[in-house]
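Look for subunit A in each of the two complexes below; its partner is subunit B in the first and subunit C in the second.
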Partner chain A sequence: MRDDVLSGGFAEAPVEAARAFRVALEAMARPGTIHTVSGAAAPAPVSVAASVLLLTLCDRETPLYLAPGHDGAAVRDWVAFHIGAPLAGPGEAMFALGGWDALKPLDAYRIGTPDYPDRSVTLIAELPDLEAAGARLTGPGIREAAFLSLPEIDAFRANRALFPLGWDCFLAAGDRIAALPRTTIVEAL
Partner chain B sequence: MSVTDVGNEARKGWMGLLARAPSARLAACLEAVGAMPGFDWLRVPEVGGVMVRGRMGGTGAPFNLGEMTVTRCALRLESGEVGHAYVQGRDKAHAERAALVDALMQGDRAGELRAAVLAPLQAAEAETRRARAARAATTKVDFFTMVRGEA
Partner chain C sequence: MTETAYNFAYLDEQTKRMIRRAILKGVAIPGYQVPFASREMPMPYGWGTGGVQVTAACLTPADTLKVIDQGADDTTNAVSIRKFFQRTAQVAVTEHTAEASVIQTRHRIPEAPLTEGQILVYQVPIPEPLRFLEPRETETRKMHALEEYGLMHVKLYEDIAHNGEISTAYAYPVKVEGRYVMDPSPIPKFDNPRLESAAIQLFGAGREQRIYAIPPYTQVVSLDFEDYPFEASKADHPCDLCGCGTSYLDEVIVDDDGGRMFVCSDTDFCATRRAEGHRGRLAGEDLAEELA
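Let's turn to the complex of A and B:
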């Protein structure tokens, strides 16, 4: 068994998970803001930010989908030891982790039902970089407009059109996270 | 040395023994061994519940017997061996000592620990069982039927 499979969890789980949850909540409530997290390290290629999100949000009752590129023996073992989340296909998953292109096609995921719009997937997309420039974001939680470097715009516009159904998305790059809920209106500049 | 070299059965044996041992006795045994090597936590001691399931007669359909509080932890020694422990109750120090012994048993000091910790614990456990069996034996009633001389 590889060395990095057993390490990389929270050192003080209750405190760090609470802090990380607050950050995730803040990121989702104010789309476009970029936050920094620390304290976890899954085997490569999972970033620090994505590891923190997995440890904080997932447990044994949330099926997790690992997209190609992130799906490997080391990452599976790490998830099994630290989280215990069952691995599932995109159609059943409540969380999905992967690079933006690896997560596609996006219509394979659950978007909820009219009665239960919350039964949808939360994507955790790994990006090479994240900065407050690029696409223009407006909508709930944003005072006037926010800007965020998105991997693409059409997918988010199509997702917004499904409202109140649709998926929500965390963007992770290194130790930085941002989030884009389904309510945010995305426009190209 | 990895887990498979040690043998899963043997490891199962000492992990069970460490989990059943009274916390104070394990602490005393470990004190006698001397300085413990440094280690890193892989999973800090945490308390949780497990559902204990049973089967009537050992072969019937499984049913939930009840919940049980357990403490678990995992650590890695400086020399690389990984030790795990699951113990009953909320004693985090007990879990830590059990995981430490589990890790050391996979390394070079296995013989020393077997003599200083596992053997005394095994003897104490056997003695406790024997004493309880002896106490129960005094209450045993042997029924026998006297043959009447009518026939």
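Let's turn to the complex of A and C:
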């Protein structure tokens, strides 16, 4: 087995996962804020931020979809060794990992049901960069307005229109992480 | 058995991941009750098993934890939970609201305004606001799905018809972000306006296996009628120890002759004010005299 498959996990899982979760919680509760994480490294092309999220949130109970570009032998082996999440198609996945365009079409994912809107996918979208400029964000978790460089606007607006259904999205770029829950209202500037 | 025999913050990692996923979905759908696989905790139901599990999933070693029970830091429930996390998570603890990064509460929101970077964890007995109106889970779930909350307004109307006012004084129902009607846990309705906060608010119900959340700066409206608007009421007295006229008060019987005093329910708030030199009717020597 290759070294990059066995390495790249948390050195001290309980404490590092706890810190990583707090970052994920802050990001999801305050859309548009950008945070930095460290401590995990899945094989390329998975970013540090996405690796940390996978280790913190995924396990044997969470079907995971690897989008084209992220679906390869090395990443599959890393997921199998460190996480044990069953790999699944977009229609069954609780988490989906990939580049923004590779994750499409977005209507293939679970958006929950009126009875159980929580039974929806959480996307982990890999972006080349993440900065606090671009689309204007308002809604729960945001005092007045936040700004975030989103890959596009329309998909997030269509998702907001589904509320209380819809998917939720983590954005990862290198070791930087932000999140957009389904409640956030996105406007182009 | 020693403390090191336990995983950090007591729960195993698999359980914490499951709770963390539920918390994130709760934050993404404000006011919606996310089902979760609540675990047996080393304390009985009703002692905050839901809140403890949420706190365990949130704590990091760098946190400073405050635990209150109806505003007080020094009651059995608060002391036990604080000790539990001191032993299993080795976190720092405090009684000062401003110093805490995570606050677990039973039935109060601290008087001092919460800030960004703080998390308030509520212990919730019955998370379903419609439960006493409709006992079937299948029906209440459908009512939430269809946004069918007429029954709740009928209940508030009947309050007015019977009592001349909305007599619900605690666990006063709220509507979160214009969508889900939510039980804010049995906090006095005096605290309802502070549900709109800069802090992250998480709610855990252990026996009922539900987690829900209010993200910061989220609209939280107490249900009411145009001609009977919501009113955040409290006992019409100042605190007898610190003299504060705006805090929520507990009534304490002090003798067998009907003597009573009113004191701040938030012990840290009251102690801080007294340390600043504020004095109420029965503070210090006056109180000793009264009791003698």
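Basically, the second predicted complex is superposed on the first by the 189 of 189 C-alpha atoms of A that agree within 3 Å, B and C clash if a C-alpha of one lies under 4 Å from a C-alpha of the other, contacts with A are read in each partner's own complex, and residues count from 1 in each chain.
Just so we're on the same page, a residue touches a chain if its C-beta (ideal position, glycine included) is under 8 Å from a C-beta of that chain, and two chains touch if they have at least 3 such contacts.
Remember, it's a predicted structure, so these values are computed and weren't measured experimentally.
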Partner chain in contact with A:L6 - subunit B first, subunit C second, else both or neither: first
Partner chain in contact with A:E61 - subunit B first, subunit C second, else both or neither: second
Which superposed partner A:D118 touches (first subunit B, second subunit C, both, neither): second
First (subunit B), second (subunit C), both or neither touched by A:D154: neither
Subunit B or subunit C, by number of subunit A residues touched: C
Partner chain in contact with A:D129 - subunit B first, subunit C second, else both or neither: neither
Which of subunit B and subunit C A:P140 touches, first, second, both or neither: second
Intersection of subunit A interface sets (partners subunit B, subunit C): 13
Contact footprint of subunit A on subunit C as seen in their complex: 7-9, 13-14, 16-18, 20-30, 32, 34-35, 57-62, 116, 119, 141-142, 145-146, 177, 179-180, 198, 200, 213, 215-219
Residues of subunit A touching subunit B in the complex: 6-7, 9, 11-13, 81-82
In the complex with subunit C, residue positions of subunit A that touch it: 13-15, 17-19, 21-22, 24-26, 28-30, 56-59, 61-62, 94, 113-118, 120, 122, 140-143, 163-164, 168, 181-183
Touch list for subunit B against partner subunit A, complex: 40-44, 46, 74, 76, 82
